[in-house]
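Chain IDs A, B, C and D follow the sequence of writing; residue 1 opens each chain.
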Amino acid sequence: MIKIGIIGAGRIAHVHARSVLHHPNTELAAVMEPSLSSATAFTQAYGGRPTESIDDLLDEVDAVIVCSPTAYHPEHIVAAARRGRPVLCEKPVAADLGHVDALEAELAGLDATVMIGFNRRFDPSFARLHHLVEAGVIGDVEQVTIISRDPAPPPMDYIPTSGGIFKDMTIHDFDMARHFLGDIVSVVAIGQNLDPALEQTGDFDGAIVTLVNSEGRTATITNSRHCAAGYDQRLEVFGSNGTLNADNVRPTTVRVSTADSTDAQDPYLDFFLSRYEDAYRRELDEFLLALAEGRTPDPTIEDGRRALEIAEAADRSARTGTIISL
Amino acid sequence: MIKIGIIGAGRIAHVHARSVLHHPNTELAAVMEPSLSSATAFTQAYGGRPTESIDDLLDEVDAVIVCSPTAYHPEHIVAAARRGRPVLCEKPVAADLGHVDALEAELAGLDATVMIGFNRRFDPSFARLHHLVEAGVIGDVEQVTIISRDPAPPPMDYIPTSGGIFKDMTIHDFDMARHFLGDIVSVVAIGQNLDPALEQTGDFDGAIVTLVNSEGRTATITNSRHCAAGYDQRLEVFGSNGTLNADNVRPTTVRVSTADSTDAQDPYLDFFLSRYEDAYRRELDEFLLALAEGRTPDPTIEDGRRALEIAEAADRSARTGTIISL
Amino acid sequence: MIKIGIIGAGRIAHVHARSVLHHPNTELAAVMEPSLSSATAFTQAYGGRPTESIDDLLDEVDAVIVCSPTAYHPEHIVAAARRGRPVLCEKPVAADLGHVDALEAELAGLDATVMIGFNRRFDPSFARLHHLVEAGVIGDVEQVTIISRDPAPPPMDYIPTSGGIFKDMTIHDFDMARHFLGDIVSVVAIGQNLDPALEQTGDFDGAIVTLVNSEGRTATITNSRHCAAGYDQRLEVFGSNGTLNADNVRPTTVRVSTADSTDAQDPYLDFFLSRYEDAYRRELDEFLLALAEGRTPDPTIEDGRRALEIAEAADRSARTGTIISL
Amino acid sequence: MIKIGIIGAGRIAHVHARSVLHHPNTELAAVMEPSLSSATAFTQAYGGRPTESIDDLLDEVDAVIVCSPTAYHPEHIVAAARRGRPVLCEKPVAADLGHVDALEAELAGLDATVMIGFNRRFDPSFARLHHLVEAGVIGDVEQVTIISRDPAPPPMDYIPTSGGIFKDMTIHDFDMARHFLGDIVSVVAIGQNLDPALEQTGDFDGAIVTLVNSEGRTATITNSRHCAAGYDQRLEVFGSNGTLNADNVRPTTVRVSTADSTDAQDPYLDFFLSRYEDAYRRELDEFLLALAEGRTPDPTIEDGRRALEIAEAADRSARTGTIISL
């Protein structure tokens, strides 16, 4: 059994703990979290023991999943890297590009293994779609269209700490765009403030972003902090020989037909924990498989850095009304 | 221009008159109908002139469409055949098998051209599906599933004159079953009386019929005289290598998603005139094309006879609780 | 933790063992299986210890899941009942009606708790559909249409021991029909022998069955032992005010559009273990919940008996060419 | 019968002539076209007589449909207006904004009735979707997403005369965006040159355009000059309480399922003449209905001007890499 340590005991830590619990070859060995009572409750649910320092945690584990607040990601990655522990770190890799630079400088020469948790790459539908693109089913990719809308805004007091919509929410879409287009050379973003409840946060509650790669291929991202029909997560890739779509996921296949309407279906799975539960499990699978095979797992810190770079450019574009070249 | 005569001026005559009007190579030349005022109104809408006898009508036309009440079909077919006019006759070919026998005896030696109006064979979706079967896309046909439900019952006083649900409504489905399976050797039908409003008519308001051909391949037909969601017309053909489906037709492609349900679509086109408008036009095309090419148009009187034979067997099966061999 | 014993270590026992493993409140305590090496491998995978007699097993467990060959079901149910252990027994409850009679006689006075594993009632889509029917969304049920096709025939040597298609495969559909229609009064079945490879088994490889309840409401079941597109499991319930459909389940939501065709989707989940994995888990949930609440869990032995009665009638109908009254 | 004159005898003139022919209350009275042989062939197909001058044409008609090359639109509109003939003019209203200014100056005081042929507003699906928005089904419009891809590029020698992709193709989408958002205040466009065959034309072969109205509501338009799967015409409107989608239209409802894929459908209707045939008819209906009711028909010259203004801004944005304010 591979012994896993989790740093942090918040919402996303629970997701990873469940993946560890269900995985046939892993066990949760240790959890580090400032609040001892949270840590204890966490280990009672998933196993392992609470630790008070990162060194204690690293003593007991083979690999680490970093679920701490973003500001602590670099410190926790470096600590694990120094002890030779592979790391799966939640997105975004750091709070801003400056901190990623500093992190990369610290990791230089350490031979660290760090995977960044862009879970959507591992969603069964998006992964299948990517595989079909790689297999050449639609020829060359020309236009990627991503629709990504949350079912409801996060708690109001979370928003000021979120880093803004582009680093917090769109960052997943930026990684997906790069997954299909490679490096991006140009970014233009339109921010929206349509939800009066979110107006005073200073953050956008919707956005339209267009990315272009060096060959002129594009990705268009449509975001909203709310969506009446549920968690709206769709992907279309248009290529020279065809089009691929991945649709929303529903809890059942039931369709209702009456005199008013026909084939009405369930609302979408409405939270990222249910929508992407499989994706988180497959992300852990890939992390462990890469370790077992001695490969560098994807996505890397560099992928995390590029997505963050686009997020910062998008924010600048939306606030200045200009197209930003990278 | 090919001069067409229409016998009858009821609902289905209007459908055919519109096909004649829209066809680039046909014109309505004459209409025969007992009520002169109906005939006059009819010709004002579609052209041609009212005639008082079938001989007058046959004098002026190149071909005839028979839309008279079923009881008159044989008489009108024979009259046209004697004058060498090709006939497109509405279904059913006659009121019962005895009358079809008599009709065939009268036509013997006349070299008549008679096509029976089983319009569903010409529906674009069903025709495409049939073409794919013929092209071998799904291998050998094993199970045909037909769902055919009217949006609402006909007027109560029509039912006693209708010939019963099997000759009036299911007859279309019997022809479709034969279109995919060829001749039928065994029939079992379950009649339903679920609609209290129709109970006293003595006719069934729903039915489940299973047909078997000589190789053991089956067709299952589900009928109802009502359907809340509209005119429910579906066809599935399951074969050794795949399955083909033809779905309901809707007026638009709009889908509505809200917090209650997602991708709710329009009710189906809810009357046979709109649902099968294209089918009636393509039926006329095939009739004219066969004439132009000197071919016998399909479906023939013999097809009409076989469908009627199944309808009579189904009625007997439903009323006696037995499986009927043909 | 509730201690579960499993009798049998075959394919379906693995399914239940996984449900027990994933359930937060259960643990596998004991397994009984004639082959000690199978039993040992089984417990290594899922926990618990192998036992050599049913008495040993019953000593160690709070409840029993019976996965033995059908012929042993009554003996294992009675043994558990005598020791006051609740039983979840795989379908069919026994090899024939005579054995169910004998079982019920033995259980008389024992206050046994026995649930029969008709897992499809617990499939999320079928359960949701049933809930909508109960909630009155489509008014009164009039016509149930079940399409149930296996992806590929079972091993040839399994068929002679299977009890025949109606007891082995259609029995699930008979239970679903009863779930929506209640007791059945009339059965007519058409058996098919279209697959040359299965011809010499004496069993049918396809079937069309129509069931009628005392009010004339119907269920139509279409079965095949093979289906090119995967495991074809669909349910339609047509009611006085609307129609409900539950469709096939696919591994992803990806659609492929090229010059040849558009919106082509994945083949269906192609084995009952993947298709009904959730259903088996929810079946266990219901069993445990009923125990916790002191309720009799559904479906009962009586439900198992009625489904078996229909299966025997269907076989008689198909072999004699008659409609059977129950 | 309302007498219609058509100016021009090209492809789009044929579309309108068919609408006139099928309309119960109109007849084609006159056609003006420089090539007399084209004009004669045209009138032989649809009726009316060829005329050599616009004055001759205006003498004989009640209303005019302008299908001449764009450069002649203003001249033909003014001529009709001076004679008090209502005009339905094809899009775009003129070659550029300067010519629209001049046209509006000439029309001042003439009390002209001019409708611009933005046919998509009259497509049954898009019109139904717009009606549902107006009825408040999805609350306030927040994000409009238009995907509009031609099946194949126009002839190479047409492109230099087309006015460029934004005036030629996207102009329809600009009108649709305005139909849902009203006036636009900001435009950003990314042009693509991915098709080597079109590279030397100087025109783009794909584009992503984002429009913003004064309230910050957006429309995103994705265009391509080619699409393997057919003529890709989709519309999504996301609102505060729900989402509406209008999908592609297919010739049949047939779905094909085999071992390779399931529910594969037909390619889309692949040319604007078939896809929008109904839309052109309903456009004529609205034109005639507005005349009959004494209303100004929508869309107006001002709508044509605004769409053209956006097209010019989009071209400037794409060529300069800036966001353009209107």
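By our rule, a residue touches a chain if its C-beta (ideal position, glycine included) is under 8 Å from a C-beta of that chain, and two chains touch if they have at least 3 such contacts.
Only a predicted model underlies this, so the values are computations on that prediction, with no experimental measurement involved.
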{"item": "Chain labels contacting chain A and also chain C", "value": "B, D"}
{"item": "Which of C-D and A-D has more C-beta contact pairs", "value": "A-D"}
{"item": "Chain at maximum distance from chain A, centres defined as averaged CA atoms", "value": "B"}
{"item": "Numbering shared by both copies at the chain B-chain A contact, with half separating same from different", "value": "same"}
{"item": "Approximate Å spacing (C-alpha centroids) for the pair chain A, chain D", "value": "41"}
{"item": "Centroid spacing, where centroids are CA-atom means, of chain C and chain D in whole angstrom", "value": "57"}
{"item": "Per-residue multi-chain contacts in chain D, two or more chains", "value": "138, 228-229, 241-243, 248, 256-259, 263, 266"}
{"item": "Touch list for chain A against partner chain B, complex", "value": "228-230, 248, 250, 256-268"}
{"item": "Chain D - residues contacting chain B, complex", "value": "22, 124-125, 128-129, 132, 137-138, 241-249, 251-259, 263, 266"}
{"item": "Of chain D, residues touching chain A in the complex", "value": "138-140, 142-143, 145, 147, 149, 186, 188, 190, 192-194, 206, 208, 210, 212, 215-218, 220, 222, 224, 226-229, 232, 238-243, 321-323"}
